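In the two complexes that follow, chain A is the common piece, with chain B as its partner first and chain C second.
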Partner chain A sequence: MSKVIAVISGKGGVGKTTTTANLGLGIAMQMKQCVVVDFDIGQRNLDMILGLENRVVYDMVQVMDGEATLEQALIRSKANRNLYFLPASQTKDKSVLDSEKISNLLQELRKKFEYVILDAPAGIESGFEHTIEFADAAIIVVNPEVSSIRDSDRAIGILDSKSQKAKDGHEVEKMLIINRIDPEMVERGEMLEADDILEILGIELLGVVPEDRGVIDASNQGQPIILNEKSDAGKAYKRIAKRICGIKVAVEHPKVRKKGLVGKLKGIFS
Partner chain B sequence: MKCRQYNVKVFEVGVEDPESFIEFIEANYILIRNHLLSIKGEKSEKVISYLEDKGLRYVWNMELPLPKRGVEELCLVSPGVEARDESRERMEPEPESVEEGDEEEYGESLEALKIVGRALRSGQYVEHNGDVLSTDRINSGAKIAALGSVVALGKVEGDISSAGECIIITPVKRGNILFHGTKIENEKLIYPLNIIRYRGDKITVEAIDTKQSKRK
Partner chain C sequence: MFPWFKKKKSARIAKDRLQIAIMSDRASSDFPFMEELKRDIIEVIKKYKGVSNIEIKKASDKDTEAISIEVELE
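Let's turn to the complex of A and B:
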């Protein structure tokens, strides 16, 4: 049975698109047929992070309007043959979306894929509402900072009141990813701990992704960090993808790495 | 001759300039809409027209036989703090959580106690013409505005406005607590459970349990 998962955050710049790309690949690595859909109409980014920028010919709006078939618009990932990508339109804006067209598109995607991952636009405007409208579940991405948490809290409130599942009287499954946590800052009391965030948002923790400088370079290269075996963030995304696929994996909280003499000296002079 | 006696709630406010006055009334409308406004200061067509549009009842520069209680505490609330965001969705009333109370006890104008049994998330807004009991968290960006008292037993990081007898609340680090239009400084809410109420002319903050009334 197919599952539609919206990746949301409320606030922009928290790593939502990066998370979508990595989880899409992570799910595909578990031998599941997965499609990631860029719902950020007019501000397409997911294609670049997946390294598929130069293969975009048709987009989801053209599919919804009958100008292209779904097969024509879907792009198969080079990194994993189980992953497909449906791009957003870069030349149109969010006003082109309508509920009926989205519902039809998602029904088609449900027939082909076990996991349909929707990358929501930032904010809580119409584009966001359309992304969550027909989702079975939502992954909420937060950074450990108060503004991100408040915006996510707001987005969860809207999810609980405006998604079709909520309107039908069912609860939308909600899972939290805490992204870019820095264990050293947490230890110094300069950053919120995972427990504090969970207490405020009151939803299930799906995983914690540590701050990792390699993520930016990976995104720039179109090679999601999950492909890097040595990266801590990549390992975290792998564990999260397994959990989404129903595999029991314990949540690992990033720990402070013990520094050697050179590291300590660098810390003093940095 | 038939006579009737009524009690009227009066909200006294001064006009410094029409714009800030209108901003203030907008921000506090829920709390003062059922009051008689006693306005002090220079009359202005803009303000009169605004009050008429809003359907607010008022007297201007009239000496009313008011007790001194509360007059000094009624101060302007920063509109930035109190401004209502109409785009926010209202929290749907929870029929199962509203218990019927004895309205006679609260007076004819107040509605029965409303119980909010789940966490209020950012953007959710409970407006009630009576007392409110919140048993869970009130997150940053959420708000309760009540004409009656408010009892908040969970962690409060959002905003609470009450024009009732009291506010009973846990310690607050963030969020704005307004009692009869007066902002209560969060530093004063130091007890495990605080009660904010009038003692004579002054608003006081005390521990709810007399054994804990000594400050830590």
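Let's turn to the complex of A and C:
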């Protein structure tokens, strides 16, 4: 049985592509055959985050149009041999997407992979609708910040009305990832905490990823942060990937780091 | 540093504002079946009398969802 999961957010810039890349690798680390597909036609980015941009020859639109085979277009990750990547087209625009072609492509991918992860474009336009159309489940990525949370609720509304599963009368599985949470700000009451966000959106929590400066450094190098054993965000992604694979791992909420005396003094005077 | 001078915590304000904004977003978004429903109602009423205009509105609050249908006859 394979599972198609769309990674969505509503608002852009919340870490959707970073999440897709890390979870793809995390699932592959669990010895599962996994493919990540960039659905952001015209704004290809997943290739950069994965460090595979120099290996792109064919893209998914060419596969859908029969100009290339799936085998020709799939790129195998160097970091983990269980992970494959299917790039978006950089030259065409999202109007080239067509329901029947997407359905066929996903059927092909389902035959080869246990997990098919789709990186949705930001917004709630046609490109987004096509990404969620044939998904079994959706991962919603939010930042603990008002515009991201509100926009995600709109995206969830569209997921619940326009996906094929919803039209057939079934519920699309929805899982929330709260990305870039800063435990110190939460402690000071300056940032929404996970429970508040869950209450507002009314969906299940898949995991919480702490703010981590290492994420930029990781994407600079095309080495997703999950490959860094010491990183807090990397560890969080690893736990989330295990949960996706059905392994029971408790949700860990980021904690404020205990400071030494100097840190405490800095805190008082900041 | 001086908690007795602190205003209401901004996370609390964010939560309150979001709950209201999202509730209103959800209430004003149409059901996905609105257009089909409109067509079906016109079909049914047309058996008896012509229809010149039809308006369907969604109304919802926390616990209930409702639609109001207004049909203008020819």
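Simple rule for what comes next: the second predicted complex is superposed on the first by the 262 of 270 C-alpha atoms of A that agree within 3 Å, B and C clash if a C-alpha of one lies under 4 Å from a C-alpha of the other, contacts with A are read in each partner's own complex, and residues count from 1 in each chain.
Keep in mind that, in the parts below, contacts are C-beta pairs under 8 Å (C-beta built on N, C-alpha and C of every residue); 3 or more make two chains touch, one makes a residue touch a chain.
Computed from a predicted structure; not experimentally measured.
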Combined model on chain A: chain C and chain B, fit or clash:
clash
The answer to whether chain B or chain C touches more of chain A is C
Once the structures are superposed on A, label A:Lys255 by its partner contacts, choosing first (chain B), second (chain C), both or neither.
neither
Touching A:Asp196 in the superposition: chain B (first), chain C (second), both, neither?
second
Tell me the contact category for A:Val186 with respect to chain B and chain C: first, second, both or neither.
second
For A:Gly157, using the defined touch cut-off, is the partner it touches chain B, chain C, both, or neither? Pick first, second, both or neither.
both
Which partner does A:His170 reach: the first (chain B), the second (chain C), both, or neither?
neither
A:Arg76 in the overlay: touching chain B, chain C, both, or neither? Say first, second, both or neither.
neither
Taking the options 114-122, 186-194 or 204-212, which segment of chain B carries the C-alpha atoms that clash with chain C in the overlay?
114-122
Would you please give the residues of chain A that touch chain B in one complex and also touch chain C in the other complex?
146, 149-150, 153-154, 157, 161-162, 199-200
Touching chain A in the complex: which residues of chain B?
89, 92, 119, 121-124, 137, 139-141, 155, 157
Okay, in this complex, where on chain A does chain C touch?
145-146, 149-150, 153-154, 157, 161-162, 186, 188-193, 196, 199-201, 268
Chain A contacts chain B in the complex at 146, 149-151, 153-154, 156-158, 160-162, 199-200, 202
Contact footprint of chain A on chain C as seen in their complex:
1, 9-12, 14-15, 17-19, 21-22, 25-26, 29, 31-32
